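Below are two complexes that have subunit A in common, paired first with subunit B and then with subunit C.
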Partner chain A sequence: MTLIHMNVLMAFSMSLVGLLMYRSHLMSALLCLEGMMLSLFVLAALTILNSHFTLANMMPIILLVFAAYVAAIGLALLVMVSNTYGTDYVQSLNLLQC
Partner chain B sequence: MNLFTSFVLLTLLILFTPIMVSNTDPHKNNKYQSYVKNIVFCAFITSLIPAMMYLHTNQETLISNWHWITIQTLKLTLSFKMDYFSLMFMPVALFITWSIMEFSMWYMHSDPYINQFFKYLLLFLITMLILVTANNLFQLFIGWEGVGIMSFLLIGWWFGRTDANTAALQAILYNRIGDIGLLASMAWFLSNMNTWDLQQIFMLNQNPLNFPLMGLVLAAAGKSAQFGLHPWLPSAMEGPTPVSALLHSSTMVVAGIFLLVRFYPLMENNKLIQTVTLCLGAITTLFTAICALTQNDIKKIIAFSTSSQLGLMMVTIGLNQPYLAFLHICTHAFFKAMLFLCSGSIIHNLNNEQDIRKMGGLFKALPFTTTALIIGCLALTGMPFLTGFYSKDPIIEAATSSYTNAWALLLTLTATSLTAVYSTRIIFFALLGQPRFPPSTTINENNPLLINPIKRLLIGSIFAGFILSNSIPPVTTPLMTMPLHLKLTALTMTTLGFIIAFEINLDTQNLKYTHPSNPSKFSTLLGYFPTIMHRLPPHLDLSMSQKLATSLLDLTWLETTLPKTTALIQLKASTLTSNQQGLIKLYFLSFLITITLSMILFNCPE
Partner chain C sequence: MNPSIFIILLTTLILGTMMVITSSHWLLAWIGFEMNMMAFIPIMMKNPSPRATEASTKYLLTQATASALLMMAVIINLMYSGQWTITKLFNPTASTLMTVALAIKLGLAPFHFWVPEVTQGIPLTTGLILLTWQKLAPLSILYQISPSINLYLMLTMSLLSILVGGWGGLNQTQLRKIMAYSSIAHMGWMTTILPYNPTLTLLNLLIYITMTFTMFMLFIQNSTTTTLSLSQTWNKTPIITTLTMLTLLSMGGLPPLSGFMPKWMIIQELTKNDILIMPTFMAITALLNLYFYMRLTYSTALTLFPSTNNMKMKWQFSPTKRAPLLPTAIVISTMLLPLTPMLSILL
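Moving on, here comes the complex of A and B:
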């Protein structure tokens, strides 16, 4: 495993931890999701370019597209929560309102 | 090699000259009016020459000038058809326009935009002549639309008046509905006969021609104000009197009839279209004659009279007599234009008073106008040996002695007697008796610009019928014998109408009614047709389309059916079935610990 790979994998795991452990804002989870996506993209692009695996050249781009979908849905959920509660604090999500 | 075609093209070209100088000096000063009038007079003289040549040799001509475009197999050229109809119509139209232009030099004297008025009248004349001389349907359509546009501009001449704008818009809308028919016919001819040239259409005379002929009948109904598309013609009296005299009595409204007359080779084999035309014309002539009986505005009475005569022309076409219809077009133009000019003289002299209940006693005050008005009314009703007699009487004779719809015939005969009734009404209220207008108006008809046009049209109203009937080449065998009672039908109905009307009108001086009766209300309000049809169908159409487009399509199909329903179902299902508490941070933390633990546990080398 080269140094670059380890670097990017560390970035990925940082974002993962940031996604799963956050204080109060739902927005920070979404941002960490984007960070995960970014590090995965860089990892995939580096590996594929390094090994000249031309057949899989499409994969990072398709990954981008699906990450865009995910971000859109995440933002829609955020907007719904923000419309109901005024903020996006996760403490208020236990009231089971819609 | 004679100069037939040159003179025809010269006539049309002469009329363009005042339009081309309209940006220069002659347009800005007072001499423009006489200039335009003299140009029209020159064009009239020039157009008499080909007409005389045609009467001498009975030789029709087709001038095909300039090849414009060929679209795949359709060849469009600038072509003029000089046959009986166009060669006879051109001098008549030019003569009447000349007289009306001289009249409007007197009538519109104090108008600051009089030069523009003359330019508009000239443009109208040019487009009318384009329509009349067109040999292909494209050129005819150019003329058709041109007269519609000029009619709009001229009806709305006094555009500060709301009624004038409404009337102009009404004219455009009703003409547009007719244009749908013309366009449908043009499309049918293009796709089935591959041409817009009249020669090829008449040669390829296929048999079931119902669709294009119905389209042409619709176009004629729109342009010539037949029943159903008629309200624009009385409303068009909002325009100045010269406009009413030129457009809405002699020239534009006969464009629809002229179209049907042009297509007579197609119509003479189609019984359905002839029946449709006959019944439509009969309904029109009776309905508008009834409406004319109780109008109080002199111009509206004459407008309804025009509409009634147009219905009569339609009846003639329905009887398969296109040449008689055309003769009636020419003779009707003379006396109807003269009637409008006389009413214009009366209106101006009484200080813009158009209500016949406020006129009277003009027999001694305006003797020349009175003479012209009475002769015009007599010519209209078909007094023997005046102009109207030579066209109206043969029509009634043809109607009574042909194998036709008896109901349509009855309606036409009733309308003939009603013609005499409302003519008597005009004469009685406007001319006879004691004056009912304020005495402070100065009544003066001694202006040569007023007298000369009416004099010319008067001579035309008396003699034109005789001259035209004896000069035209015979095309169908006229009916030589008929029973005496059929021969005298028209005269009897007219005399009956005169007598009854005169008696009833004399009664109005002695008897008074308190409430208008129901038939009187029907007639005054134009049969309730504009009241119902101008509000109800647009409201229904627009509200239906709003319901369809907005409520049904947008709100229901595109928005509610899939997206909102899906969201609703998901929401209900999740609220029903979930029993979570939403402790997100705890869930995420447990996820992280599990992942880390499993990665450590299953990755350590054994």
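Moving on, here comes the complex of A and C:
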């Protein structure tokens, strides 16, 4: 595995860890989600260009479309949370615990 | 919600799952998962409330993480095999990542924490869709990649699920959380047999969907979400009380009801592979599940739950709430055991 693959995989792992361990804001979770999608885009483009798999050239762009889709819904839910509580602190999402 | 928007959302939901089940290209399967998740979130927010918002947020975060992990597994598979066909995976890392991603989507332990909270925050009908329809897509992908799944990872997750589903449901009085823990335990049973005989996974899924559908329809008919209100159904529609008891016992896996069929076949298949400790452990842990079903049965059908005197004398109106397919579902979820030899149609 070449150095650049290692680099992009590290970017994905860092974003994943950031998504799993965010401190107080819901926004940072959404940002890390976008970071993961971005690193997937770069990795996919890298692999496809490297193997001259021209037929799959569209795939990273389609991935980006659906990543934007996810981000839009995430932001809509963030706005609804913010409407109820005033902030996006995740400590306030505790209504449903046992 | 505007009916035309609701129809579009339901259509997208169905279309997304169909795309996952029928596609042979990993990108289309991933797109199907995204469509499924995105169409389901507005359905969860049908009646906006802080609980529904919280449930939708938790659902979005977990499912989006799982989708990203799934895509990473697909790209690693592309790096090592150069093709996008949905067959077995060609790299152990990709296989582990994809199994973990699908476990997050299904709600297998140790990724089960979102299931009770999300099920609790949404209306009963939406909870029904969450626990039945949303399981079809991940299980279809697991079925297709089953030759390359890491055995120890899968068995660990499924045994942990059966344990968590049993113990987690013990302290609950909210019916939606009980159904969520029941779902976690049944997913555990389904994924135990996946590396050995995936046909039985499909059989268990079919029987589980029928029984969960029946339970939710019974709850919707009585508009109950707690044990307390379920225990008052003897006064509204007495026959429903008996049928609730039968369905709950079927979910617990007691013969001669049809819930016994998947457990029996799974244990038989595991013993054919010379594994004896694991099915013993699974069968004993299923008793935990049976305990909280029995507790519901006890308070609903077998005893008069303590209530005030005016609750005991309700006027029995003829029901106006439509519970579609309830009699059919009850018959299928309790009387299917003699038809066990027919399961060869699932092959």
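The rule is short, and it goes like this: the second predicted complex is superposed on the first by the 95 of 98 C-alpha atoms of A that agree within 3 Å, B and C clash if a C-alpha of one lies under 4 Å from a C-alpha of the other, contacts with A are read in each partner's own complex, and residues count from 1 in each chain.
The rule is short, and it goes like this: a contact is a pair of C-beta atoms (placed from the backbone, for glycine too) under 8 Å apart; a residue touches a chain by one contact, two chains touch by 3 or more.
Worth saying up front: this structure is predicted, and the values here are computed from it rather than measured.
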Query - subunit A as common anchor, with subunit B and subunit C clashing or fitting - result: clash
Report task. Look at A:Val70 in the shared chain and tell me whether it touches subunit B only, subunit C only, both, or neither; answer first, second, both or neither. Result -> second
Report task. Once the structures are superposed on A, label A:Ile62 by its partner contacts, choosing first (subunit B), second (subunit C), both or neither. Result -> second
Report task. Using the touch definition from the top, say if A:Leu93 reaches subunit B (first), subunit C (second), both or neither. Result -> both
Requested in this report: Could you look at A:Leu38 and tell me whether it touches subunit B, subunit C, both or neither (first, second, both, neither)?
Outcome: neither
Requested in this report: Name the chain, either subunit B or subunit C, that contacts more residues of subunit A.
Outcome: C
Query raised in the report: Regarding the shared-chain residue A:Val81, is it in contact with subunit B (first), subunit C (second), both, or neither?
Result: second
Report task. Return first, second, both or neither, reflecting whether A:Met27 touches subunit B, subunit C, both chains, or no partner chain. Result -> neither
Query raised in the report: After lining up the shared chain so the two structures overlap, which partner does A:Val17 touch, if you call subunit B first and subunit C second: first, second, both or neither?
Result: first
Report summary line: Dual-contact residues of subunit A, meaning touching subunit B and subunit C, are 16, 19-20, 29, 93, 95-96, 98
Query raised in the report: Across the complex, what residues on subunit A touch subunit C?
Result: 5, 12, 16, 19-20, 26, 29, 33, 36-37, 40, 43-44, 47-48, 51, 53, 56, 59, 62-63, 66, 69-70, 73-74, 77-78, 80-81, 84, 93, 95-98
Query raised in the report: Taking the complex as given, what residues does subunit C use to touch subunit A?
Result: 27, 30-31, 34, 37-38, 41, 45, 48, 50-51, 53-58, 60-61, 64-65, 67-69, 71-72, 75, 78-79, 82, 84, 116-118, 120-121, 171-172, 177
Report task. Enumerate the contact residues on subunit B facing subunit A in the complex. Result -> 571, 574-575, 580-585, 588-589, 591-592, 595
Query - Partner subunit B, residues of subunit A touching it in the complex - result: 16-17, 19-22, 29, 90, 93-96, 98
